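Input: a single structure, listed below in structure tokens.
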Amino acid sequence: MAVAVEHPLDKYVRTEKLPTLWCPGCTIGIVMTSLLRAIDQRIREGLLRRDQITFVGGIGCSARIAMYVRFDSVRTAHGRTIPLATAIKILRPEHKVIVVGGDGDICAIGGNHLLHALRRNMDLMIIIVNNMIYGMTGGQVSPTTPLKLYTTTTPYGNPEKPLNIIRLACSLGANFVARGSATHPHILQQIFYKALGKRGLALIEVLSSCPEIFGRHIGITDPVKSFMTLRDKIKVKNNPSLDESEYDWEKGFVIGVYLDKDDPGYIDNLSLLYKSLRGF
Amino acid sequence: MRIDYISGNRAIAEAAIASGLKFFAGYPITPSSDIFEYLAEELPRRGGYVIQFEDELASIYAVIGASWTCSKAMTATSGPGFSLMVEGISIAVMTETPLVIAYIMRAGPATGVPTKTGQYDVFQAEYGFHGGLPIPVFAPSNPQEAYDLTIKAFNTSEILRTPVVLLSDASIANMFGKVLIREAGEIEIIDRRSIEILRKKGCEWSLDDVYEMKCVGDGYDIYVETLTHDEKNIYRPTTDVQRRLMWRLYRKIINNREVLFEYSFHNYGNKRCRNMIITYGSTFSSVSEAVRELNKNEEDFCVFKLKTLYPINEKIFYEKTRDVDKIFVVENNVGLYVKEIRSILRDKDVISISVIDLEYPDPDEIVERVREWL
Amino acid sequence: MRIEIILSGRGGQGILMLGRILGKTLARYTSYYVAGSETYATEVRGGDSRVDIIISDNEDEIGYVRARNADIAVFMYPSLMKNLSRYIKRKAKVFIDTTFIDIDSLREYDWTIISEPYTQISERIFGTSRVANMMILGHLIKETKIVDPEAVERVIREEMPSKWHDINIRSFRYMIDRK
Amino acid sequence: MEKRSLQISMARARHKIVVISERCKECGICITVCPVKILDKSSLRNSRGFRYPVASDENRCIGCRLCEYSCPDLAIYIL
Amino acid sequence: MAVAVEHPLDKYVRTEKLPTLWCPGCTIGIVMTSLLRAIDQRIREGLLRRDQITFVGGIGCSARIAMYVRFDSVRTAHGRTIPLATAIKILRPEHKVIVVGGDGDICAIGGNHLLHALRRNMDLMIIIVNNMIYGMTGGQVSPTTPLKLYTTTTPYGNPEKPLNIIRLACSLGANFVARGSATHPHILQQIFYKALGKRGLALIEVLSSCPEIFGRHIGITDPVKSFMTLRDKIKVKNNPSLDESEYDWEKGFVIGVYLDKDDPGYIDNLSLLYKSLRGF
Amino acid sequence: MRIDYISGNRAIAEAAIASGLKFFAGYPITPSSDIFEYLAEELPRRGGYVIQFEDELASIYAVIGASWTCSKAMTATSGPGFSLMVEGISIAVMTETPLVIAYIMRAGPATGVPTKTGQYDVFQAEYGFHGGLPIPVFAPSNPQEAYDLTIKAFNTSEILRTPVVLLSDASIANMFGKVLIREAGEIEIIDRRSIEILRKKGCEWSLDDVYEMKCVGDGYDIYVETLTHDEKNIYRPTTDVQRRLMWRLYRKIINNREVLFEYSFHNYGNKRCRNMIITYGSTFSSVSEAVRELNKNEEDFCVFKLKTLYPINEKIFYEKTRDVDKIFVVENNVGLYVKEIRSILRDKDVISISVIDLEYPDPDEIVERVREWL
Amino acid sequence: MEKRSLQISMARARHKIVVISERCKECGICITVCPVKILDKSSLRNSRGFRYPVASDENRCIGCRLCEYSCPDLAIYIL
Amino acid sequence: MRIEIILSGRGGQGILMLGRILGKTLARYTSYYVAGSETYATEVRGGDSRVDIIISDNEDEIGYVRARNADIAVFMYPSLMKNLSRYIKRKAKVFIDTTFIDIDSLREYDWTIISEPYTQISERIFGTSRVANMMILGHLIKETKIVDPEAVERVIREEMPSKWHDINIRSFRYMIDRK
């Protein structure tokens, strides 16, 4: 066994910011490394250029992925990543623009931008790290918190039906919709790899374990137990149907690619219009 | 160079194009929409993009995103929309993102009278976003000024890496005038790529507190941080770093007050100026007429019209008012900007004449209100 | 020297276009300073509209972009007439579209009235009411001579899509050429 | 921090398990996911007080990289 | 034939504000009267109390319905009706709270509130008057504007796929989802009548003809032609399937009730939680 | 009545409950979240509702909606969240909707340092919404004041039918103190139902410009209008109606300046006050220590602590400063509120001491900065 | 406005067509939707210049109320 | 009279609870004015935490809620010790948890040191490290007598859920009762 100073992924990481601010056992880091591996694979295959990747991150623990990766990376206000990323994509269409954020960031306060990006089939890769809670602010309810769960702002139980992100995305027009889990990094990497190759919108919901905060609410704060609790709820399917996307903490979650099509994306439509106008 | 007869809104759009605008994001709102609509026609033909977003929040963040590709970017809006943009402006202040917001004021609060005028939002334009760092605000009073100040707004935003508000109103939006339109080659157009050149060759701007801006696509590792950060964009929650950051951002604007502060002085043929009216924006139109009337009785009135509301060059204020007895501040609101002036001109009578009017205030009313103090 | 013009009508009558063509011609083809303002009713479609144009040889004189003592006026519809009359000089040249305005109602004003049923004529001669505004513009220029008709034609050509040039120029010339 | 690290052993196993001890937060995930259960917490602590993983018998490592892929902190990998 | 001063619906109308500010032939008025007839029917049947109806309207031509009806009625900012209505419903659960607005008001700027109200199955009746354009501000593109259409902010054609509101609503958890058309007032009244009886969220999209603005864009400004153009595109179905909800100007629109279920609404869930807490 | 040792945030929550709070809508944000969380525990037990919405926009509009059922309603937030609420505040101003916003300032701009303090947002709280009509702003400097001013905020909002900002900051949020907590019966709690009684029996408030408020459920035809409207809530886009409306809304607040303006004066045993420090909020804590130090050299310092930032009662300013030589305004920002003071105190030296500090400013630094001017 | 209206005729038809002429905006929808085509624009105008509908032969009215239901302006109904 | 107390430790050690119980007891069961402030590191979990408590018989004296010259201090973890030492009086009573703090490192300070491996004892006696804070509170009160132990117990009962009363009160009494 060896102890070293460099990790093979370090070339893609702002190592000066390590160790990360994430809690021990927080699986956001696994989401990040799975993504970096997928990117690395595409770069090595010559399918992606490192200087043509832009990350956009908002505010939240999950959004901090954008803080650690060594690519062009823009942070912005809580919830406002998608319009910012959209503008970058329009002006730098050769870039792969990747939005990362939490369930609160993208689905609560950022919900409208998500809705319209989906509708437009906007050429973005949107990664929602779903830990089912507001981690950074200390444990408030999120749109993906299971029904009836205790949180600090629903101390008598969450009265709201959680959002099924997969169903939303499939109903609206994204080209690629998948669910992954931080507990299944190999599969996650494959999903990311595929998503990186898409035109139009690719949305990936990644279930993630937050031992510190969500863990406290469900009484499982040990990182390993927290990890295993989530892992045990995951079912892997090859081409799951939309009905299998059901989002229910009790019944567990099916991961896999729910939708993979090749409709024209927004950028395609826009350049078609502008091409006829500008003649190039 | 050509002469045209155009509205204030059209002048803004024309000047934005001349300034090199590449990206406009917006959400329609009266009385700003025709800026958007004119650009939607014109800009795509010149290689730019004009996109309607789902709301004003998306619009301002899209403008920020565009700016980080080193494209010149703007939006246009009015009260309710500006209110939705203030969070984004605070982000732009912190991330030092150049952008221009054309704020076409209308009568408020709330939805008020969408098509009619008012100058209610002067303080919101200056101070309306969290973080307590005011940004440059230019206020044209006619189409030509709308044109010239729009160009200045773009240059300022690029040179100082700051959001800039161009504060117009419903009356100016529909005011027409003879405008000298200069094309790209005929005016000095600066972008952030040329700042280093500017810095080296020396210029009237104070650039010590401005850092070079690298954009998406320039290499592969720009990092834009909205948290308190040091010179390397690393998050550092210490008083030390916070102080350095705050004061630098503050100085960056205020130390350029001499370049940024614009005004015009009108003495209408009087030798001396015993009574001064300070005003700005569309109200100037009425004031100029009122003064003509007032001066009929040899009352020695002159007008000091502000074209920059922030930052102010106090020196000019002191100079211009040295021999003045009485100062009147005429505004189409409950009396707001007069406070700013009172905080500067401390040894003079500064009288607030606030005339709320959905149209150009009636000159006769101004005359009457001023005469009460003579 | 300060010349003030008021143009008034209902949405759809082309008052704004009249004002813009006139203003542009003055701005581009004379050395005068010109300014103006457009006003329309809030939101309701088809409401009243008003254009003020101020012409001067002294820039400072032009500050106020509303007419207070108009030398020239146009009314294509009666609704704002009463209201605006206090801003019109005695003996001012006032052009009236008698299609909509009862000539009797003008008795109370001490104006130099020039009137025609412009809209009716427009419909009859050009098959549409939409160029009545250009007819009035022609008449106004013929009677006031504030600008060269050639210049107006040039502006019409510059500003309008080419398919509209012919009918607009013909209607513009109609009153000028009428014997 | 990057510099504080230490070579522990270099047996000629088929797969080399490499730990960047200073990055480890002692979450224990690698230890749990290892199918052959050869990882364990060290007795030593890194400078932030965390006990990073050590391999009891590197030879048994099957190179599945589950530890590497499951580490949230880029603290372990297989050579 | 008779000429009169009072209309049978006048008792539900703020007649002092008539005539309305709507353009001649604008069919928003038909939406309003159909709704008033449905309300009247329920009141007469003793199923609804007039003093327990609240309208909430934002900004836009369509939102002005809230200005003309003589019930409790609150206007608010463009896009912000749903949260305001939600609070009223929580505090006045006995009220039927009706949100009215345009496609821009509710689906563009108000999209996030719509999304979350749908997810929560919030006990509101939401009426989206879809004229496929921004009427009040003079003809800009809306999320429901047909692809490629000319508008003042898409002078070279709309590059965005329009939103299928029905699909969105069905995917997220509303109890009642229907599409009506102002050109079919009898059917519309029936739909409203049903919706008024629902717990949970009832969403009704109503296609409406805007001769003044949308009409100008498609070259049909005559009120009757505009009305007939829309009417000709309407297909009536009894229980249309979700696939029949396709939103396409060229192919026309199927109206009818797409979803009618009785899941517990937000208010039910909330009062269950609070009941156990407060013991009443 | 009981005594407790609680934080500033907890004091706000307790006082809101004592004031009769029925509805809280919010979106979490540091350092305001524990107000929300405490209320989420407590309020439902007392028949109230505490709901997390999808964002701050929804929250403020939900609060407005709640208020129109005649339920007392509030929210709590910090900079980024407040920025998203300003449009709603403008709506509340126009519709005269009573509500309270606890604004717990943190270091900005943008996301700044979420857990740390600053007084950057004083002007945003006053002027940050379109329409140009400032609203009452109360600024506590310790938990007891947080408690008392929260009650005052609720009463003010109800009596004057206005949104009110309670402006605290991260330091006060985590400052603990002995707080006298009075229960519902022990304090005067006013709601809009009792205003007509108040009006009849006469009171210190000037109520001429306040209209009675009817709520949803009171009958069947309240109508709430966000456009410019006359006394019958009918939309009237005329200058006349706009003027009447604007000035009434303005007077409603300003004519109550005597009741609304709160302050405390500390002369620390000095007979006279030659040098005055004006301050507010958490900075007072440091100033009080600095003055102790300054007064060791018999420098006759006293402190004028503002608890109300808007509206100001100028008379008190004149009285208190009559015999003062020098006035120092100490703030934890780039020097903002000092402008407001300068616009009032026109014949005195008003010196700005701005100390940007993520914690309580260091008293020694204040001493040093003040001494430079002695 | 409410007061400006005028009785035109009162034939004893099965269905009475009632028009509130001052509210009419002359959109023509009622005229178009009437299945028996008995409505037409009046020759008179209301005070805002609009030509409201009149029935050529009220007796032919089948009482379908399509006109009433389709009028956007509460200007026509069937008694 | 002004008494200043500084409490410091790491997140999770219960420093904030210690401060709140002590502050509440002083506030409710003495006539002193009491104020305090809590500080924690930004966002990172398990960062440093600090509580300052100021006690006085004069309300005006209490303005500044930071200790500048503390009479009493507690350190459960060494990280802030160096930094805060300048705010601690010479001869101040300073309670040290030697579970985490090397007693040798204290040589440089001129304090009256009272030390125990509180956390270790807590684990040994009560089976959890979580009540070390209450042990320290007991010790502090025993040595400084600033408040009646009975009052502290009452506050513990009032403030904590009842299932925690027993262990907290026992640990609180532990140092007080130790001979």
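Side notes on the structure shown:
Labels for the chains are A, B, C, D, E, F, G and H, by order of writing; each one numbers its residues from 1.
Criterion: contacts are C-beta pairs under 8 Å (C-beta built on N, C-alpha and C of every residue); 3 or more make two chains touch, one makes a residue touch a chain.
Because the structure is predicted, anything quoted here is derived from the model rather than measured.
Between chain A and chain G, the least number of touching-chain steps is 2. The greatest number of inter-chain C-beta pairs in contact is found between B-F. Once the centre of each chain is set as its mean CA position, chain A and chain F turn out to be 40 Å apart.
With centres defined as mean CA coordinates, chain H is found 54 Å away from chain B.
Chain D and chain E have CA centres that are 60 Å apart.
Shared interface positions of chain G, defined as residues touching 2 or more other chains, are absent.
Shared contact sites, meaning residues of chain A that touch two or more other chains, fall at 23, 59, 77, 108-109, 111-112, 115-116, 143, 156, 270, 274, 277.
Those residues of chain C in touch with two or more other chains are numbered 42-43.
For chain E in complex with chain G, the touching residues are 1-10, 13, 15, 18-20, 22-30, 33-34, 37, 182-183, 185-186, 189, 211, 223-224, 227-228.
The part of chain C that touches chain B in the complex is made up of residues 19-20, 23-24, 26-28, 33-40, 42-43, 53, 60, 63-66, 68.
Chain B makes touch with chain F in their complex at residues 57, 79-80, 82-84, 86-87, 90-91, 93-95, 107-113, 115-116, 118-124, 126-133, 226-228, 237-239, 242-243, 246-247, 249-250, 333-334, 336, 338-340, 342-343, 346-347, 356-359. Residues 3-5, 7, 113-116, 142, 171, 174-178, 266, 268, 284-289, 292, 359-360, 363 of chain B are the ones touching chain C in the complex. By the touch rule above, chain B contacts chain A in their complex via residues 22-23, 25, 44-45, 47, 49, 51, 53-55, 57-59, 61-66, 68-69, 71, 73, 87-88, 91, 95, 216-227, 234-235.
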